[in-house]
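In what follows, chain A forms one complex with chain B and a second complex with chain C.
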Partner chain A sequence: MKLVLSIALLFSILSAGKYDRVKITEDMSYVLVYHKGHAIKIHRIQDIKNHLTGTYAKISYPCPGQCIQPISFNDQIETVGEVEVVKFIKNQVNNNKGVVIDARPKKLYNQETIPSSINIPFSLSQNTKAMDNILAVLGVVKKPNGTFNVKKAINLIVYCNGPWCSKSEQLITGLLKKGYPADKIKYYRGGFQMWKSLGLTTVKTK
Partner chain B sequence: MRQNRPAFAFKLAIIIIILLGIIIMGLIFMLNTISSGNNPYMVAQPAPLLEESTEVAGETTSNYLDILEHYKEVEMEEFSQDQAKEENSASLVSQNSEASKNAISSRIDTIVSQALKE
Partner chain C sequence: MRNIQQTLLFFLLLPIFAIAQNNITEEKSSVTIEVDGKEHIIKRVEGKDVYLTNEFSLTSRPSPPFYIQAFKVSKGVDTYGELEVIDFLEKKKGVFIDARLTSWFEKSNIAGSVNIPFKVFLSDDTKRDNALIKLGAKKNKGTWNFSKVKTILLYCNGAWCGQSPAAIKALIEIGFPEKKMKYYRGGIQSWQLVGFTVNVPNKEATK
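So, the complex of A and B:
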């Protein structure tokens, strides 16, 4: 009997999915999404001995300047974590109901980013013309009287470098000033550093 | 005693066959894992972070080139769109959604690139 059970256990281990060793959640091993025309599998690094190396392993940044961000910087903006981001990508981004926005500078975005995210550098929040054009693409229509029609605004998740990065806040504040509805914006506080620290897939622009 | 011998030999044979089967399955699993090019036990460490920059967009951080020297290949998997649709049909990835998403992405890319040049 023990032999049979051992064999069954071994068989179940061998027949486990490729990304079942380190799942995202108990019921989710990976999510497929498109990034610049490529289908990408978002999953976690399967090596349980993996350690974060490189500059993302850096944990200390000068403050003032790059201080730890509060979990919520605005009562109207919901803060989300990695699981919510992955589910957002699966349910909203894949159905054209939302986009994930990388608020870091373009060069950082090109070097490495979260699959499916688009880049709107935080510095553009001060650029009225560019923001108007971006808002139009995101579904906010400027009426002739200067007000905004936000009925077709899509859902957004905004992130930047990490929990010590204030660029997301700057971009979100810029979007709110432009009339983007607060209930359509979510703040991923963990940002790129937390995404990487959990071994989730990243992509680069060649 | 003699009557028990055939039964014992039969049990032994079954155990040997099962063990051989397990070994073969293990070998196949290992070979598949290694030959797939995406060995989960040899995943490349993603690229390092640049220090958060305080630059105006369009300019580089002071240590950007230094960090580029240490750049490593990030983990990235590409699948054909058909394969993606097949594997992720539940999440409704489709050619249409791809086209639309690409449209948002490419339009914003254009706006951002133009704004950064100005």
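So, the complex of A and C:
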């Protein structure tokens, strides 16, 4: 009897999906996305003994500089977590209705990022000309009189290094100043550190 | 000569001390809270290159039972981050509940929390009733009255832990007001990842 059970168990393990040992949510093991033309599966690291190592396992952060951010910095901007980011990628990004923005400096983005994200370093929010170009990419049209038509602005999720990083806030504030609709921007406060702490897939440039 | 050396040393060391500050926010370096007559200091880990290496640096907890939790448990239940947790404790806004099993709580917990394992809230029995009465609820002929209940803030092991969400959902079902419940989703894992130290009860008892 025991043997039958263990064979059945073994069989169910072997036949289970490749990413079912550690799932994202109960009904989602992975999501397929495109990152710079390459198909990538966002899933979680399946090795249950895997530890977070490297830069994002660091817990000593200088403040002033890397102070802990509030759960929300603006009543109009909704804060989201990993499940909402993955679902956003599945439903919005994959249908060209939205984009995930990595607000960290270019160097960090080039090293490692969340699949499908584009890089808009927070520092560009101070640069009027750069912002105009960014807005155009995000579906905002600059009218001849200098004002913006935000009707076709796409949905955004903005993140940076972690809950102790204020770069997302700076970029979002810059977008709001240009008239970007607040209901089209979401803030992923956990950021890259929490994404990695849950073993979610990243893309690395070698 | 010696004076000059000392002055030089002072100025050489000054920037090191200035940099080594790991405050919570720009205004706050630490927060002292008092729970049951005992003082706890909440602050971020000192030093420069400190890494998380304990079991809370594990990335991949097996499913089931572990899945990444939604940002919100329910529309009316606010999700808290670390600053909101600290504000809750500082201003004594209510009861901070560690909803994990007692064995976890005894290993390490967040200062200021009391342990009410999530399972207590899942079953309709005396244990649950007593816990609810302690929180200010009243039971009259089998009907609960939650009008004078304390605000509760729940946490468990991390964003991958469904224990505090399960407790909150069970409480919503019996009519506990959503506005009186808060959820610290990051839990003890995020607490440590952003640099806060944990409270180790056994260690303190032997001091």
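Here are some notes:
Simple rule for what comes next: the second predicted complex is superposed on the first by the 194 of 206 C-alpha atoms of A that agree within 3 Å, B and C clash if a C-alpha of one lies under 4 Å from a C-alpha of the other, contacts with A are read in each partner's own complex, and residues count from 1 in each chain.
By definition in this document, contacts are C-beta pairs under 8 Å (C-beta built on N, C-alpha and C of every residue); 3 or more make two chains touch, one makes a residue touch a chain.
No experiment lies behind these values; they were computed from the predicted model shown.
In the overlay built on the shared chain, the residue A:N94 is in contact with chain B alone; chain C does not reach it.
Of the two partner chains placed around the shared chain by superposition, chain B is the only one that A:G37 touches, whereas chain C remains out of contact. Once the two complexes are overlaid on the shared chain, A:Q193 sits against chain B and chain C alike. In the superposition on chain A, contact of A:N50 is made with both chain B and chain C. In the superposition on chain A, A:I134 makes contact with chain B only, not with chain C.
Shared-chain residue A:N119: touches chain B; no touch with chain C.
Legend: residue contacts after superposition of the two complexes on their common chain; A:P105 is shown touching chain B, with no touch to chain C.
When the shared chain is aligned, chain B comes close enough to touch A:T201, but chain C does not. More residues of chain A lie in contact with B than with the other chain of the pair chain B and chain C. Looking at the shared chain after the overlay, A:C165 reaches chain B, while chain C stays out of its contact range. In the three-chain superposition model, chain A touches both chain B and chain C at residues 21, 45-47, 50, 52-53, 57-58, 61, 162, 164, 193, 196. Interface of chain A with chain B (complex): residues 3, 7, 10-11, 14, 18-19, 21, 31-34, 36-41, 45-47, 50, 52-58, 61, 65-66, 90-91, 93-96, 99, 104-108, 111-112, 116, 118-124, 127, 129-130, 133-134, 137-138, 160-162, 164-165, 167, 192-193, 196, 201-204. The touching residues of chain A, counted against chain C in their complex, run 20-26, 44-53, 57-64, 67-71, 79-84, 162-164, 189-190, 193-194, 196-199. Against chain A, in their complex, chain C makes its touches with residues 19-26, 44-53, 57-64, 66-71, 79-84, 158-160, 185-186, 189-190, 192-195. By the touch criterion stated above, chain B contacts chain A in their complex at residues 15, 18, 22, 25-26, 29, 36, 38, 40-43, 45-58, 60, 64, 67, 70-72, 74-81, 83-84, 87-88, 91-93, 97-98, 100-102, 104-105, 107-109, 111-116.
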